[in-house]
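Okay, so here's the structure we're looking at.
Chain naming follows the written order as A, B, C and D, and within any one chain the residues start at number 1.
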C-alpha cells in the first residue's frame, strides 16, 4: 500500500530508472513520469500524477453554490473559462434558469479567447521543448494581448470568474469590440510568421512526423477526445455534436488531420487557433442586444432543486464534462469533473512513451496537450 | 616577450569568451523581442557563483576532472595564434592542438561520471557521440588544408593567408571550409546540436550536478571552448589576422552567425545529428581532400 | 550601470552578485506557474533583472513556490530545497502558500508553507500579476542588502522544528526513516516568523 | 453519422432525436426487463440496473453505438447505505449521452471491472478504488493514483469529515463562516 505503483518486473541490469518530473524543465505542469530507460530508449513508462491534487470535488461539497463559483475556474489554470461555463451550465440545468441570447454570445467570445490563450501557451511549451525558444517567446508575448482583453472584460488576467449561472457577470465594456478586433488582427498577422518559423520548418517535420502515432481506433477505444482525436481523422467536436452557447449559430469547420502522430496533433492545434480567431470575430459581429444576465434568486440562501445532470463542453483539450447531483440543499451533493486530459495523460501517454527516445519524452507529452491540474483536480 | 604572451593570451581568451557570452544573451534577447540583460551579466553571475557559501563536490575524480578540462582548454589556447600572438608556436602545431582538444571532453566525462546522475551520464554520452559525428569531417578538412599548405604548423597556415583575401583558406579550399562551417554549430554546442546540455530533455545534461565554483569552471571551460573553435576556424579559413583586433573582429562575425542559426533552429535528435554530420559535411570534406590532392600534383 | 552603485559593489561584491543574478528554480507547484512564462518571456522579460529560470536545483538560488502545495509536492519541494546551495531564497507565490488560500480546508494541501521550509518573501494575491513578481524581486534585493534574507540560516538553526513539521505530514519520506520522532514542533522563541 | 454529411440544422438537436431515445429505451427494456430506463431530456438517457446486470447493460449499449466512455462516477448515498456507480457513455452516431447506474453496498463495496469493454476504465476504477474504497474485480492496477500514502477512510466518502481532518492534520483554525 505504501509503495505507489511499484514496478512489476525487476529491472534488467542495463536498465535505469529515472524520475522525469516534477522538477524538470521538460515537464509540463506538476506531473511526474517514472521512466525505465535503456541507453536513450524508454523501455517502460509509468505516469505519476497527484502532485496537484487538492480534492476539488470534496471541497465543492462543503461550499454553497455561490462559494463554488470562484473555485471551479481554478480546476485548470491554462484554460479556466470552460470550467466556469460548465459549472454555470450545470447549475442552470438543475435550477431551470434561462440564459439570454446576448450572454450566450459573450460566453462564446470568452470561451474562444480562452482556447486561443491556451493554445498559444501550448505553442510556447512545445516550441521550447524542441529548442525553438524564439517562437516560444513570441507566442507567449502574443498570448499576453489576449490576457489584456480578458483584463478589459473581466478585471483579471488569468482567473476571470466571469461566466456565471444565468448569464455573465457584467456586460461588455465600451469599446471592447474595437480592442478585440485589434488583437485579432495582430494574432492573424502573426500566424504566417509562426508557420514560416515553425510549422513549415523541415526540422520540425523531421522530428515529429511518424512519432508517437495514435491510431483512430485506439483513440476511440481509449476515451481520447479533442485535438488528439481530431488529429486521427475523427471529426468529433462537442461544439458541433451538442451545440452550447452560441456555437449553433456560428459558421465553422472542425479541422482534422489523418495521421495521428505528433505532427498531426500540432497542426490541428495550429489550425484551431485560426478557427477560434474567426469564431470570436463572428460572435462579436453577430452579438445581439438585450440583457447579459437573468436575475438570480438571492444567492446566499439559494437552494437548487434536487436532480442530477451531466453537461459537457469542448475545452481546449477536448470533452470536459460536469456531473452534478443536487439533493435540494444549498450545496451540491456530489460533483465530478470529466477532464479531457485524464484518459490521455495516463494510459495513452504510458503507451506512446514505450519505445520512444529519451529526447522525445517531453514533447510527446506536450503534443498530447496534457494539463496536469485537470488530471489531479 | 613570450612569457608575457603566455600570461596575456589566456586572460585575453577568457575576457573575449566572457564578452561573447554577454553578447550572445543580449543578441538572443533582441531576436526574441526582449530587452535582455546588461552586457556584463556573465560577470555578475560569476561573482555570485564564486561568492556562494556552499560548493558541492562529488569526490576527487569530480574535482580532478574539472581541473583537467579547464587546464586542457587553457593549454590549447596557448597554441592558437591570435593575430601576431603565438607564444608557443615553435613547439606546437595542429596535431598538438588536436590532441589537447581531447582533454576537456575527457575531463568533463570524468567529472560527470563521478557526479552519478543519470542525466549527466546521458549528456556525456551524447556529447561523445556528437564528437564522433563532427570529428570525421573536421579531420578530413584539416587534412586537406595541411596537404595544400604542405605544413602542419598553424602559424604557417595563418601567415600564408595574409597577403590578400584571395589567399584565404575559404577561397583556396572552399569545400573544406564549407564542411567545417556546417559542423561548426555542432562543435560549438549550439542549436540545432545542443542536445548534450538540453535542459528540456535531460535537464542541462552534463552540467546537471555542477553548482557554485564548479559551475564557474564548467562555464569558463565552455566559453573557452567556443573561443578555441572559432579561433581555429578563423586561423584556418578566414586568413587569421594581421593584428589582434582584426582577428577578434573576424571571430565576432563567425560567432554572430552561429547565434543567428542558434535562434531560429530547433534541436535535433542525436541520431539525426550523426546522420547529418556523416552525410553532407563528410562528403564535402572528402571531395575537398580529393580536389586538393589532385590539384597539388 | 549606475555610477552611484560602484562604492556599494566594491564594499560587498558578494551581495552585488547575489542581488542581480537570481537564478530561479521552480516547478509547476500550482496555478501560480501560469504567470511565470509571461514573466520570463518577451512581454515582461525578467532577464533584465538577472532573473533567469534554471534547470537544476544545484544551480539556482531563488526558489519560487508558485501556488498551493499538495503533500506529494511538498516532498519534492523539500528535496529540491535541500539540494540547492547556500545562500538560497524562497519566495511563496500567491495566497495559497501563505495560509492555504482557497484550499484552506483541503485534505491534501498544506496551509502555512513557512512551517515546512523557511520563506523569505511572500507575494499575495490570486493570481499575482507580473508586476507583483518584479516588486517581490526588488524587495528581495533590499532584504539581501540588509542581510535579512536569511531563510537558509533559519533553516539550519531551527532544523528540528522544520523537520518535525515535515515529518508530521510526510511520515513516509525516506529522509525521516531514521529520525527519533521526538523533536518539538513548537516554534522556538528565537525563530522570526514572517508575519 | 448524420453530422458528417452536413445536413444537421443549426439549432442543436436534430428533429428526430426523441425518436432515437425512445427507440433505445424500448430496445433496452425489451432485452433487459430488470432495467429501468428514463429519458429526462432530449439527448440524455438514464438506465438503472441491479449490480449483476451492469456488464450486460454496458455491453448492450456498446453494441448499440455507445462506444465512448466519458466518465465513471460514484455518488455516496450515505443515508441509504449504498454507493451509486454511474457510467457515462456517449454515442457519436446518435448524439445521445447515456448514464448506466447501479448501486453497491457501502460496507463492502465490490464491483466487476469493465476494462474488457472500455480499456481506459482502468484509470477511473483506480481512482474510485482510492477515493471511495471500491474493489474492482479484474482490474490489475488498483494502486494509489492521486494520493500519497493515504491512511484512514477514503476521502471522498461522506463520513470523511474534511474540516476536522484539516484541523487535526494542518492545525487550521475554525472559521466563523461556513
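Note that in this section a residue touches a chain if its C-beta (ideal position, glycine included) is under 8 Å from a C-beta of that chain, and two chains touch if they have at least 3 such contacts.
These figures come from a predicted structure and were not determined experimentally.
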{"item": "Steps in the shortest chain-to-chain touch route ending at subunit D and beginning at subunit C", "value": "1"}
{"item": "Geometric centre distance via CA averages, subunit C-subunit B, whole Å", "value": "37"}
{"item": "Cα-centroid distance, subunit B relative to subunit D, in whole angstrom", "value": "61"}
{"item": "Inter-centroid spacing, subunit D versus subunit A (mean Cα positions, whole Å)", "value": "22"}
{"item": "Rounded Å distance, subunit A centre to subunit C centre (Cα mean)", "value": "29"}
{"item": "In subunit A, residues with contacts to at least two other chains", "value": "2, 24-25, 50, 53, 55, 58-59, 62, 137-138, 141, 376"}
{"item": "Sequence positions of subunit D contacting 2 or more other chains", "value": "147-149, 155, 160, 162-163"}
{"item": "Where subunit C touches two or more other chains at once, by residue number", "value": "41-42, 55, 72, 105-108, 172"}
{"item": "Touch relationships between chains, expressed as pairs", "value": "A-B, A-C, A-D, B-C, C-D"}
{"item": "Contact set on subunit A toward subunit C in their complex", "value": "2, 21-25, 27-31, 50-55, 58-59, 62, 70-71, 74, 77-78, 121, 124, 136-138, 140-141, 143-144, 147, 156-159, 372-373, 376"}
{"item": "In the complex with subunit B, residue positions of subunit A that touch it", "value": "16, 18, 24-26, 37, 39-40, 127-134, 137-138, 141, 197-198, 201, 203-204, 206-207, 357-362"}
{"item": "Contact set on subunit C toward subunit D in their complex", "value": "71-72, 75, 100, 104-108, 110-112, 168-169, 171-172"}
{"item": "Residues of subunit A defined as touching subunit D within the complex", "value": "1-2, 4-6, 49-50, 53, 55, 57-59, 62, 64, 220-223, 225, 234-236, 240-243, 248-249, 310, 312, 319, 321, 323, 325, 333-334, 336, 338, 342-343, 346-348, 376-377"}
{"item": "Residues of subunit B that touch subunit C when the two form their complex", "value": "25, 29, 32-38, 40-41, 44-56, 199, 203-204, 207-212, 215"}
